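Structure, as structure tokens:
Chain IDs A, B and C follow the sequence of writing; residue 1 opens each chain.
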Amino acid sequence: MASAFDYAPAPESRSVVDIAPSYGLFIDGEFTEAADGKVFKTVSPSTEEVLSEIAQAGEADVDRAVKAARKAFEKWSALPGSERAKYLFRIARIIQERSRELAVLETLDNGKPIKETRDADLPLVAAHFFYYAGWADKLDHAGFGANPRPLGVAGQVIPWNFPLLMLAWKIAPALATGNTVVLKPAETTPLSALFFADICRQAGLPKGVVNILPGYGDTGAALVAHPDVDKVAFTGSTAVGKAIARQMAGTTKKVTLELGGKGANIVFDDAPIDQAVEGIVTGIFFNQGQVCCAGSRLLVQESIQDELLDSLKRRLSTLRLGDPLDKNTDIGAINSAEQLSRITTLVEQGEAEGAERWSPACELPSSGYWFAPTLFTNVTQAHTIARDEIFGPVLSVLTFRTPEEAVAKANNSQYGLSAGIWTEKGSRILAVASKLRAGVIWSNTFNKFDPTSPFGGYKESGFGREGGRHGLEAYLAPSSPEGER
Amino acid sequence: MSTVDRLSVFKTYKLYVGGKFPRSESGRVYEVTDSKGKWLANAPQSSRKDARDAVVAARKAFGGWSGATAYNRGQILYRIAEMLEGRKDQFVREVADAEGLSKSKASVVVDAAIDRWVWYAGWTDKIAQVVGGANPVAGPYFNLSSPEPTGVVTVLAPQESSFLGLISVVAPVIATGNTAVVIASEKSPLPALSLGEVLATSDLPGGVVNVLSGRTAEIASPLAAHQDVNAIDLAGADGVLAKELEIAAADNLKRVLRPQPVDYNETPGIDRLTAFLETKTVWHPTGSLGASGSSY
Amino acid sequence: MPTTAPTAHALGDVTASDSTLRRFLHGLPGVDAVGLEARAASLGTRSIKTTAKAYAIDLAISMVDLTTLEGADTPGKVRSLGAKAVRPDPTDRTSPSTAAVCVYPDMVAVAKEAVAGSSVKVASVATAFPAGRAALAVKLADVRDAVAAGADEIDMVIDRGAFLAGHYMKVHDEIVAVKEASGAARLKVIFETGELSTYDNIRRASWLGMLAGADFIKTSTGKVAVNATPANTLLMLEAVRDFRAQTGIQVGVKPAGGIRTSKDAVKFLVIVNETAGEDWLDNHWFRFGASSLLNDLLMQRQKLATGRYSGPDYVTVD
């Protein structure tokens, strides 16, 4: 990093958001304590400061929330779609109005840079609500039959990496199609969901339509197991996803799962190199690599490996790691001590297995959970770090000789969520894309999201798609003669 | 509160062209009366030169409007609904006067019109998913069909339904990225002219919608023959005029939407959206990886 | 650090013939336009405040080639411009001078007098600026005239017609001839990026200019609709960075036209900083071709110094 032009601190102000000392569960339009009074703390991962004390939902609370959602479902599903649409449009507009506040909140609770919450997360959150609002009264045209019906009560469990965005991906299509929801945010990032509850209040959303239950894994387990939940939607680790899939067996519950990945970013010898470098950096260091669709494997054509790595290393030295609230920060904190420990363990494994580790010079703050951007070269498919999802800012670099080999290596994974293809040749993009077993393929770009664009994986990355017209399918049943579930 | 009735300030009704509010270049106006014959206002009586200027404005605006993202267009259409909601009282009065409705019936009409804008706002980023898609051709090609806006559309707004009908014919045209030259109802033009005020305050770029008032036949003829207009919606034309305009439109093969009986209270289908869309189909070889050795 | 250009370098045989030159230029990596523009836009979101902003503003002022290139230029106008370049801020003598003034060849003598005794250089456009449509002999005479009048720097235009027709060697040889005619004056080569139109062309022109011996590569004349943009300047900075890595020769970059506000200028400096690096954060290696930019920089400088928003009455008309 150039020292002649030292960027002075440019902190975003915390004063735009007012975090209360404690928050309750949001059930049936009201904030309440947990039935057994349990609470937990949520912490800012960049400083380890306690942000707030949150009620922790237990089984009794789950039951009460599902009942509230069931009760609200009757009226909500009977509303004309155009009325549901207007509620969702209101929510979208209020999110836009409060974007700055929500961005700062998300940065504090999650640890990611304000630049990302401000420029990526929040605009997508609002856009998701806008998009699905518009479907609420057009379901006849969605390709699911003449009068598709909602399923009922959706139990939704979301992860900590994009808290509010994952909430939007779950709640927007569910509500648009006439379902009601009980949503459990991740235990390390409950705050934006609770602020969303306040936005529902401002929008006049009928009570019980949205219920928010902060808690740990057991809260989520109770929710998906609840007999009166018709639809389960889960985004999180593959291990938990499999457990849920087993649990759903023999029930009538519809399930969608969005799980892990080990995305291959394939760079051919005729790639636009400077933009490919940007794509690699975005692919693995955006959100500190804590992204299911991260490009965590770089597959570079062997003939250009040295040149590409030189450019990449030079580029990595301009990454700025530090205070997530500083507007010039590129790399923020890791979300939790647990996650940091997982990353560290896998990285040590990488070294133990003989891969070569490199990081740019990087000063880590003394408190908080931090991991420097890291590159492993001389990695092969046999290495653990080429196979297991690290979910951190760690890139494994492998090589290939021919397009067939690139495809074979990219597909050689239990995962199948995302892939990137870098080449100037259009027909190669299309040929390779047609052979990759991945649900989202980016060519000459990476980590691009849009509410109109379906997202989801093949194989153990899960099933079902979120976003687009396809995203409605998970929340609809074909119409029946009786017109009811 | 004074015991003497306060004298109101009459609105001078202007055209809405290119984002501005000009009078007719002809300097003419005509009387607009309510259903009982009481004078409401003088409305501009547009000439063919006004029509010509409106087409120029619509063409100028087309590049930017069709090039905007569908999301952006949806935001602006929703903003129009927000602005209309704020002016509900104004439009209830105008519609009541224009169509001889009671205030409560007019209120129902205006509510439906606002909701109609919201409905179309939600279509901008979905129509491509409903009518477009990949085509599984029998060969190593990627083949994609996408809808694109046709260009400048002349719209003859319904003669009777001066607000709900007006909005039902205008919104679908611009939702998909076309720009419009709108001929307001001849006998009830005022809600259309007032709509211009709403459009001007909604971030809608100037020229995307242009509103002309006057004698329908007089302005529709040059527009139907205009070589730089791509399509025409004949909703506001009676049988005789409609035929005449369709003949004139054939000179540059405009896409023509013939008049049909419509209950504007009912939720529309997508035909008003697709009527002004072209389908573009692109082929691209996908090549092959080939076990015999890739050509790449 | 400045380096002198040796006659032979790692890429010397690229210019052996028209066909080797063409193959080299067409073999350069492609540019993905969406990706390039996204990177430029992303660098534009850097937040440059307080001390960093003060540094950037002073640096930007010192990098301005204060320009007047109008048919209506008179000695009076040029004297006024020169005085301003030397002492930009009448309310604050601590402001740096600009790097240079930039004028037409027949104004060079007046400009020299106006900046005499200061660090401000005199740059002259030449080679039938801005269109470049004249015989080579005429273009070279234009250059010699400017040099004889005392120009320290020559801003030439390439023959865009020849470039777009694929006659790369012709373009190359003209630059070599102009460099020779420039003598000791440093040569800036203007591509007219708006006319070259594609990023691939701008990349090729950059390498072509540097292979031919340019001291600076420059985006545009400022006389067309689209001039310097963050994206095309980013691309040119990548080119000079890569050229130095391959040959050891450092070449400067000058975006010109369309840079009106301090905010714009600071964005460009961020791009320099994070692409080519701090070696280019010096007016020997980076310039802004601008006129109205200077007053905005001065007003921003005044705001930083006084805490108050400034106004047009507190900067001079030049």
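One rule holds in what follows: a residue touches a chain if its C-beta (ideal position, glycine included) is under 8 Å from a C-beta of that chain, and two chains touch if they have at least 3 such contacts.
This is a predicted model, so every value here is computed, not measured.
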Practice task
May I ask you to sort the chain touch graph into line, ring, star, complete or other?
Solution key: line
Completion exercise
Centre-most chain by CA centroid is A
Handout entry: Relative to chain B, chain with the most remote C-alpha centre
Key = C
Exercise for the section: Using mean C-alpha positions as chain centres, tell me how far chain A is from chain C in Å, no decimals. Expected result: 44
Problem - Whole-Å separation of chain centres (CA-atom averages), chain B against chain C - result: 48
Fill in the blank from the handout: Distance between the CA centroids of chain A and chain B (whole Å) is 40
Practice task
Could you check chain A for residues that touch two or more other chains and list them?
Solution key: none
Problem - chain A residues within the chain C interface of the complex - result: 2-10, 115, 119, 270-275, 278-279, 318, 327-328, 424, 444-445
Fill in the blank from the handout: Given the complex, residues on chain B that touch chain A span 70-71, 74-75, 78, 115, 118-119, 121-126, 129-130, 142, 267, 270, 284-291, 294, 296
Completion exercise
Contacts from chain C onto chain A in the complex sit at residues 29-32, 34-36, 38-39, 45-53, 55-56, 59, 238, 269-270, 273-274, 277-278, 281
Practice task
State the interface residues of chain A toward chain B in the complex, per the touch definition above.
Solution key: 82, 85-86, 89, 127, 130-131, 133-138, 141-143, 402-404, 407, 425-428, 430-432, 434-435, 451-452, 468-469
